[in-house]
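Per-chain numbering from 1; labels A, B, C and D assigned in written order.
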């Protein structure tokens, strides 16, 4: 056969499915967008892609009768089935992403249903080593810039020396903006990581979480809290990393972690971005 | 023939072309995304869509040798040619959008090349009435919220009564965010509207323009200026409308105007939006 | 007050919510993306946008306990509540869009869960006239080009005169492609329109529906059927219009209909597009 | 300092700039979307992101006076300057993407200006090792499915045994679709790779290139050619790999190559995907 190179990933992208998933105390239906791949040896002309959809359907169908424990477990199940069904493949990979909702409370106690993205991924190798799973969240929040705050505080103090005491004590104006932060973490065999905890870690690492409904008092509280807590995207990533180390002290060193924070800067037309891709072991050094 | 209904718009979407266009004092090459349609009578089975691309190509090719005066003139040219080439059509419509750059200056005099979107549209009818043209701009800028500022000022005054004088005088913290505002205006026969003026009108109607490069001092100035000038999206739209009335006092009453402002709220996961679609005549009442 | 123009639409965009909706024989949870607007008189400085989210939340919360009858009924409910809550407004508008799934059968009887988009819209005016509702669907399908098929048949006949009989009888090669068709129809007071019927109308008007899973035999059937049934985007729109007239013969003349079909042409980098915006009365002439 | 982890990438995303670039025989202006990052040591609180924009502006400004030789050279220049300007950084990375146009000819000799995407990337390390550069292209084309063609040929032969000779000789119907293929290749020091050659390699590896303008004869030729040349996405990737090996026989073994092909399947709502990420050395084994 000519041009018989092996291929790294062959499969389908953009498959949408409703999935029933068990969350703490309830079952939710998520609309999931998924990709599923296997590798292809040089000796095989084409991958039987319809098998990917068959596998997805069987696993998702089962979820209607018995909700899956987690999105990453669903990815892992599909990965295992892909290796069974594609007898020529040595590797399989599944990625999923979907809108997810959690009830949160504003400072005044008002309930607000907030939207997030759940992300999950699994890869499997035929060589007997267990499947690798990752779970992740994408969280929209708010960050305020520490740098502009300090420059403006200094400017104001020099312009209004008589207000020095006030300007030392109150939070000073700065630019703030919508921020999207992503946290992905490997879930080793026999461990469980709760996506809701990841959302909490991210929301505690930005200047302030955001809310769908904010009446005047709540709105002032969010803005005030965010200005007491100014953060660069660099700070957001580092604070998430620190919280992960603390929360998952029992996870092994090999666990892979990816943390990303991107701010839709209000003072620029471009975004600010920070990222760390690493292992828990590296972070613990 | 069965099912022989007339159709409102038939054509092609997503055609990309580089276009040479005359701007004040220079020629620029823009990468334009365009759509081109004609109507289709009930007696005609299909529209000859390849003619749309032929017409676009001829007009765009000419622009290489002789830069077009404006994007809306280019749309109008294509509209006229579409009616000539589609002898069965009574209506033609062309829309264009592309990235456009202008050199701006920050408060300290630093030059910064800023990106905008140019939008143009033309429609033509065979019945002898002249072609209608619209030119528009999409501008990314910054808005600061007046409402949260007032609530927080009151909260701070009641928490720190001794700082009352300071809190009255200095701008107080509030949420601010990236804002996208759009202004579209009809260009009647024998009138000319300069897109750069539309960009200026929008940038003077938001809390502050934004810049690619801001060193510390410039950054503080942008933030400070924006907080002296808090704006709801409603205010942005109204201020643009007022500036249009003043700037284009000589334009006739029938001229159609669309103004839209959308803020990527830093305190919410959703956007705030305001819009007015009207005529100059309505605004002048 | 300066710049006190009235505004056409003020509100929020991009609000995501899970919604429980009653479908024939079952309740489904859809993740809906929604926009909600009211108008704003010149005498009112700002719209109370948090009320929009409050209204949405109340109506959506109710849907958890009692699934809504339809997405357009949900839009209409929110429209009515918006006018109650924004006492200064004379107009309200709500738009929704979400992924929706239906079980379909391939030619061999294989069950396949297919994805669609549900679209709904409602507008209300304070002057006592009833709320206007629209329901719609966006359907991904397949179209084959009749024009290239005819040219190629003629070319083949002239190249292979001895195969004339065969070439007359069998379907001949042509380009085919992914097509996205949209059908929106007004639902007058006291009438009901089932979104599943709209999906069926669209799928019967394209060259062939598409399926997630196609084993070899099914795949051949889909391709064969599509080539027996070549369609321009113009034909797709006209056939949908004809089927609407037949199916909804009892709907009044004022009912507004929008039909749109866009093909991601396999032979071009741009798309082909056809549209009709009209009323049932116009179509019946 | 608390939470003082090092960060992998810190910088800006979504910066748009017009860039003058030297192409064979002409200078073209491309509108480029770019990202620029450096790493950040644990000892440094924040990255000076405005320096990234300064560096970009200086290098891009120079391109106005003296067009850059290639997009990847521009990336490499910015990478080097980033390391100079961020004295604490040990790594820099720049990515660019923009619309690019080439004049092509249809089978009848008709000239057609076709759109592509140019992609470039560079990374630099402070340790004295030379900068790594990659150039790439994204090409929209057409693929026809070999599998459905064979099934349908067999079906037709069994249905029409008298037409066996014809069915053996003429291309038989199958599904075809828009395909997006991407080829990225490392450009080692002292070598040059021409993006136009990469576009040619991709266009020769799909079933057929696509064209903006196709009159009837040309359209039939494109469809016919594509059906003589059916390809799975797997075949597209493998054929590109083979052509790269042949064309770049003098490039060293360490050169990294990424090839990807994605088809917007006309018979499915999801896409088919194949990818190989490798080195020339691996391919040569």
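The working rule: contacts are C-beta pairs under 8 Å (C-beta built on N, C-alpha and C of every residue); 3 or more make two chains touch, one makes a residue touch a chain.
What you see is a predicted model, and the numbers here were worked out from it, not measured in a lab.
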Chains in simultaneous contact with chain A and chain B: C, D
Rotation in the CA alignment of chain A with chain D, degrees, nearest 5: 180
Chain B and chain C: spacing of chain centres that average the CA atoms, whole Å: 28
Mean-CA-position distance for chain D and chain B (Å): 32
Rounded Å distance between chain C and chain D, as computed from the means of their C-alpha atoms: 34
Residues within chain A bordering two or more other chains: 15-16, 53, 115, 147, 212, 214, 219, 268-270
Contacting residues of chain B [partner chain C, same complex]: 2-16, 35, 37, 40, 45-47, 49, 53, 147, 232-235, 237-239, 241-242, 262, 268-278, 283
Residues of chain A that touch chain C when the two form their complex: 15-18, 28-31, 50, 53-54, 57, 98-99, 101, 112-113, 115, 212-215, 219
In the complex with chain C, residue positions of chain D that touch it: 114-115, 140, 142, 147-148, 151-152, 155-156, 160, 162-163, 165-167, 169-178, 208, 210-212, 214, 216-217, 219-220, 222-224, 226-227, 264-270
